[in-house]
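This is the structure I have questions about; it appears just below.
Per-chain residue numbering starts at 1, and chain names A, B, C, D, E and F are given in the order in which the chains are listed.
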Amino acid sequence: MKSLIENIDLLLEKPSELMNPANNKHCLANLSSPQVADYLKKDQRIILPIGSTEQHGPVPITGIDHISATGIAYAVSQLTGVLCAPPLNYGMAMHHLGFPGTMALRPTTYINLICDLVSSLKRHGFRQLVIINGHGGNKGPFLNALAERGDEFADMDFSFINWWVMPGLEKNIIKKYFAEKEGYHATPTEVSVAMALVPGSMVMPASYKCPQQEVSNENVGWVIPAKFREYYPDGVMRADFSLSTEAIGREALKQSILEICELLA
Amino acid sequence: MKSLIENIDLLLEKPSELMNPANNKHCLANLSSPQVADYLKKDQRIILPIGSTEQHGPVPITGIDHISATGIAYAVSQLTGVLCAPPLNYGMAMHHLGFPGTMALRPTTYINLICDLVSSLKRHGFRQLVIINGHGGNKGPFLNALAERGDEFADMDFSFINWWVMPGLEKNIIKKYFAEKEGYHATPTEVSVAMALVPGSMVMPASYKCPQQEVSNENVGWVIPAKFREYYPDGVMRADFSLSTEAIGREALKQSILEICELLA
Amino acid sequence: MKSLIENIDLLLEKPSELMNPANNKHCLANLSSPQVADYLKKDQRIILPIGSTEQHGPVPITGIDHISATGIAYAVSQLTGVLCAPPLNYGMAMHHLGFPGTMALRPTTYINLICDLVSSLKRHGFRQLVIINGHGGNKGPFLNALAERGDEFADMDFSFINWWVMPGLEKNIIKKYFAEKEGYHATPTEVSVAMALVPGSMVMPASYKCPQQEVSNENVGWVIPAKFREYYPDGVMRADFSLSTEAIGREALKQSILEICELLA
Amino acid sequence: MKSLIENIDLLLEKPSELMNPANNKHCLANLSSPQVADYLKKDQRIILPIGSTEQHGPVPITGIDHISATGIAYAVSQLTGVLCAPPLNYGMAMHHLGFPGTMALRPTTYINLICDLVSSLKRHGFRQLVIINGHGGNKGPFLNALAERGDEFADMDFSFINWWVMPGLEKNIIKKYFAEKEGYHATPTEVSVAMALVPGSMVMPASYKCPQQEVSNENVGWVIPAKFREYYPDGVMRADFSLSTEAIGREALKQSILEICELLA
Amino acid sequence: MKSLIENIDLLLEKPSELMNPANNKHCLANLSSPQVADYLKKDQRIILPIGSTEQHGPVPITGIDHISATGIAYAVSQLTGVLCAPPLNYGMAMHHLGFPGTMALRPTTYINLICDLVSSLKRHGFRQLVIINGHGGNKGPFLNALAERGDEFADMDFSFINWWVMPGLEKNIIKKYFAEKEGYHATPTEVSVAMALVPGSMVMPASYKCPQQEVSNENVGWVIPAKFREYYPDGVMRADFSLSTEAIGREALKQSILEICELLA
Amino acid sequence: MKSLIENIDLLLEKPSELMNPANNKHCLANLSSPQVADYLKKDQRIILPIGSTEQHGPVPITGIDHISATGIAYAVSQLTGVLCAPPLNYGMAMHHLGFPGTMALRPTTYINLICDLVSSLKRHGFRQLVIINGHGGNKGPFLNALAERGDEFADMDFSFINWWVMPGLEKNIIKKYFAEKEGYHATPTEVSVAMALVPGSMVMPASYKCPQQEVSNENVGWVIPAKFREYYPDGVMRADFSLSTEAIGREALKQSILEICELLA
């Protein structure tokens, strides 16, 4: 295990380099068609980073979800040798459309989009799809896409990984640094990761108080798309992003990359 | 509060009567169009019971999800006077199609179906839709339907209630009787409720051991539709339905109905 | 034949009990998945009650079409032993949307919905689908669903039964009691049946005169959805529902149930 | 009325000329855009001939349904001055696909197609659409298209005319010449009309016996698409097309054109 | 080759006769289903004329695109004996909807429509589809239809022929008579052909100056549907239709028919 | 103009840096929602790079089309200050699916995807969309998306730029270095650009001869998706990619970036 950690440390010396696909020999985009065919003879796995382009409140940037998924996926790909497909930078984020900068796909569009990508991969012989997801709202429609054409994809395996849902990350980062201030959208964990991957893109305020409504029971008054802005006036869901730092972002990247690599081992 | 509990007890003297729409004066189906118009002048809420018709393992019946949603919705309707729309007996259950008796809608079909029902209700002036849901798999596509046409439904409120996700029910029923044997599909709580609503429909075995695979991390090897039967060979998801009894079912009904009525108060 | 009539009489002693699925041992919803599999070894038929939730003029209730289809289907199921799927309470009723209480599906939604249900049944081995329909407007889109995926359903038989289109019913009920006052929507026959199935839900006026426009030729000025309310100001199509009685409803139920049972014999 | 009959006689001296759009000054296709705009200032009606391309049994030709609709529509257009849109030569004929030469649209395709054409016409200011239909199977999906977008088309009038459903035609042609041998598909009336419009295209056999199954009740064993060929082995539905003649075709054309013109008067 | 030219000359003695399907023995519409089956035993090719109904500026008629495709397809069919399907008179012409008389299909409608027609033909055994197209805007969505269901149509050949894109026509007609005044929409070549096929339908002005905007680079300010009328105020795209004559139309017809026949030889 | 060229030269000192979104201050993804709102107050333009992931023959890499579009778009964005949306890395490439590594969207999926992205941008107030496209096959479905919802997008301007279709590039690069060896897919121009942006990803063979079929007339035997591999056995369309060099790639980048910047000036 030591060697893996050392390699992660090496990669994270300059995290912003992770965002450059030109640096990654394991990007499907950087292989020729015959090279992909060669890869398939010995490995049928492929990583697909999926994210979103959507508002993250008053300070964090709109690209967080695809930036985090892409950076982590490229790192995992380089460390494990599993091929990585190009990132899908847009996702199901209709509930964020009330805020400038959000670019969202309707659920039915997203379902068809995922069906087409999975169908392409299956045709070539890929048999395990490792989805590295950066946006919670993608999970429902992604799984719906698999349900929509259940029989067609019956001979494939799918690992749907929300990068921030990892036991170690939960314990060593979220619980340790943010605890109940983590919240659900524009969380300090994801914001920190984006600060590490795009240094200089954000300057956190000294403090922040999230103005959301009180919600007594999650079953009632459930947040639907058109009500999002009413419930969460500045776009943040019970998270204190002001706690984010680039240093924690590097730690979180290391932890999540490590755990995902172990899952793929 | 006493009066409400008394009324619930009265209703639950013969729970199977709850399943008969002919007994319920607050069913939209039992009103004429002008009577609906009159109701709308003083109340703009409506309850919609949604369920599914799907396998629940070797013994529990296929109708559990719409039976439970319908029985609870009819009771809540009678107790609160909030109008109840006819139950939607079919849901998004593609992952159960490998087992006989399952009748499932594709996610895109379900999205369009919900859009049409909500659009109809909005047109007449309903402004709060209280969804009483009996099938976990409906939540994703239902919320996606609201996202699909976010702007159109912006002036409506939605309460999406999974009847089994209630603090009191969790504490007084699930934790008390089943704890870690509750599981995720064909749970003793939902089976008990169906036993109370359709007496005599099921005879529980003396004991049961769920044959599902070990899954170490929920993010990896995630259960997708076409793999469901492989992961859960008999259709049950880590639940011990053999603990179900009609008596617990009545208790659970009482608890869930009570909590939902309080939410609507 | 005598025995069948006796059995029908028995069932009709308390017609409202027919509406309760908990009373019906032949509901698919009340069987477990293995029980459905057992049934399929000896019988590949299944009944599907389809209806609608829509206005029926100033007095008759909105649920008539699914109430009648459900009551008749449950009775036929109990009398013949043919399994009965859960009722589909919503139908293609866009032309009634101008009146409060109508909940309608678009034709394309309905087509996809029916395709999914039939596809589910086919997968399990059902080979004859007996549709018991309570709403004239469903027939077109239902048959279109079968056309939409003609090849997929080629090895199944379909019996599409409008319960009110039966030679005996025509002669012994419609011609006898209502003749030219039967009309096309909110007819005294269907209203009577609903009065029998949901006793006390309607009080008929002493007399009624339908205010519809004169239409000289059915080919011209054809009624399209958006014009429905203009042509039929109170939602009734040339029918005198005031002639409806609970007693005639029981007779009509008996007659229709008898004829459908004979067809399935 | 005399003058109209004389004009029809004149047109029918050489019926095959009716099929040539180049002969018809009232074809929308033969007008420039500004000429259409001028027409709309004084008349907002437009005729749309819709047909099908489908098998009609062992001898009659595949184009009958669009040939008859087109010929009649062009004649009515010339006689009344109402503009005529180009014929839609393809229709919803999935149930005929088992026979060579049939070219069929799925119901959902047809619904979208009609929506687009009606939407185009509405945009320019047309307010009454007179559909002259040559194929029974089109009626369901055409009306469904109007239901699909009910609100959008609410300010338009629609006259859906099956050209063969006219009181005079029924009495003077069908009852007189064919009676119970008329049948439902490849009827001698429609075949005769096509013989008049495309002289020399068919040579009728001396006699013909339709080999279709006995069907005791139209509600059971209903003909669905994939079963069509099984029920009607040679594609004919209880019709004796061998009775068709060019002379009767001219009579039928005259009668139908006359009655439709009177409806538009 | 001489004989072919002589035959073309014969056909073009009265070009308007080309528009009448009743004159064409090789129309699929004029054959019975068994005759189509016989044809398929020796030839698996079929011609499909596709056009549009859309504005062509201040003088040329709206039907030009389907008139030209139909006339040429019927001629080629008669000369080569290749069967000709009924013309599709409507196309993807959304960008012309701002002008009266245009009847346009959305791209997704058009894609589904073409898929259904090709699927029908494939089912019967046709293996080469010769599309004779009269409207530039159809090419994109037609090829997209083939992409949409690539695998299904993999064993068919497609020849997509824009009738005005022929080397001989380019040299002998366009370059010779119109050169840079040909333009892109309402071109003198297509207008001339329509004048020959529908004599008397248009009277050209003595001269015409196209009022379109200057566009420096085709990549910028690209014409999208909703901007069409802004860029091309009178609907003409850099073409001088006033140069059109019936005589040139006959020449162009001859040239295009000849070249297409040679391609099919 | 000199300053712009100097700036381009500066950017191209290390072209692979262009691929890193972390380096680009004008990426929408690197701005917060309020920063996007601020931008919109002074500029309503946005660049959208669209590409594809598809085979490019035996040696060139699969990502060429999105790599080239992204690199050029990021450069133009940095040079002009126009905001750049995240790249769309997948496109309409169904005809390349026969070769490993291709990931393609169906035309209808692509149309809906583009509609959603454009609709999102319009909602926020963007009024000019500058599409920088790297894949010829995207143009048809992209424009179809704009046609699909013509009215909705009527108040936006669109510049659809195929980066390789620029007068200066044509003259100074294509004509000069490759002339008739440029071809249509896996062209030496696009391959050279990708070599410059992803150094070391490809090693060109000493020479190459494209094995494609002879095609005498582009109208006949047109290449449809399912036939692509038959017509172009190694995936290359009449192009000699072996002429590609990193140095020419830098020249081509400079030329194309320059011309696009001038267009946006």
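Everything that follows uses one rule, which is that contacts are C-beta pairs under 8 Å (C-beta built on N, C-alpha and C of every residue); 3 or more make two chains touch, one makes a residue touch a chain.
Quick caveat: nothing in here was measured; it's all calculated off a predicted structure.
Undergrad: Please identify each chain that touches subunit D as well as subunit F.
TA: Touching subunit D as well as subunit F, we find E.
Undergrad: Report the inter-chain centroid distance for subunit C and subunit F in whole angstrom, where each centroid is the mean of the CA atoms.
TA: Once rounded, the distance between the two centres reads 57 Å.
Undergrad: For subunit A and subunit E, what's the span in angstrom between their mean Cα positions?
TA: That gives a centre separation of 50 Å.
Undergrad: Between subunit A and subunit F, what distance separates the C-alpha centroids? Give it in angstrom.
TA: The mean C-alpha positions of subunit A and subunit F differ by 25 Å.
Undergrad: When the centre of a chain is set as the mean of its C-alpha atoms, what distance in Å lies between subunit A and subunit B?
TA: From the centre of subunit A to the centre of subunit B is 32 Å.
Undergrad: Two-or-more-chain contact residues of subunit E, please, as numbers and ranges.
TA: Residue numbers touching two or more other chains: 97, 106, 108.
Undergrad: May I ask you to sort the chain touch graph into line, ring, star, complete or other?
TA: It is a ring, because the chains touch in a row that closes back on itself.
Undergrad: So that subunit D leads and subunit E is second, what is the order of every chain round the ring?
TA: Order of chains in the ring, subunit D then subunit E onward: D, E, F, A, B, C.
Undergrad: In their complex, what parts of subunit A are in touch with subunit B?
TA: 92, 94-95, 97, 106-108, 111, 140-141, 143-148, 150-151, 153-162, 165-167, 217-222, 224-227, 263
Undergrad: Show which residues of subunit E lie in contact with subunit D when the two form their complex.
TA: Going through subunit E, the ones touching subunit D are 16-17, 19-23, 27-37, 40, 53, 55-63, 66-67, 85-90, 97, 99-106, 108-109, 112-113, 115-117, 120-121, 123-125, 197-199, 201-202, 235.
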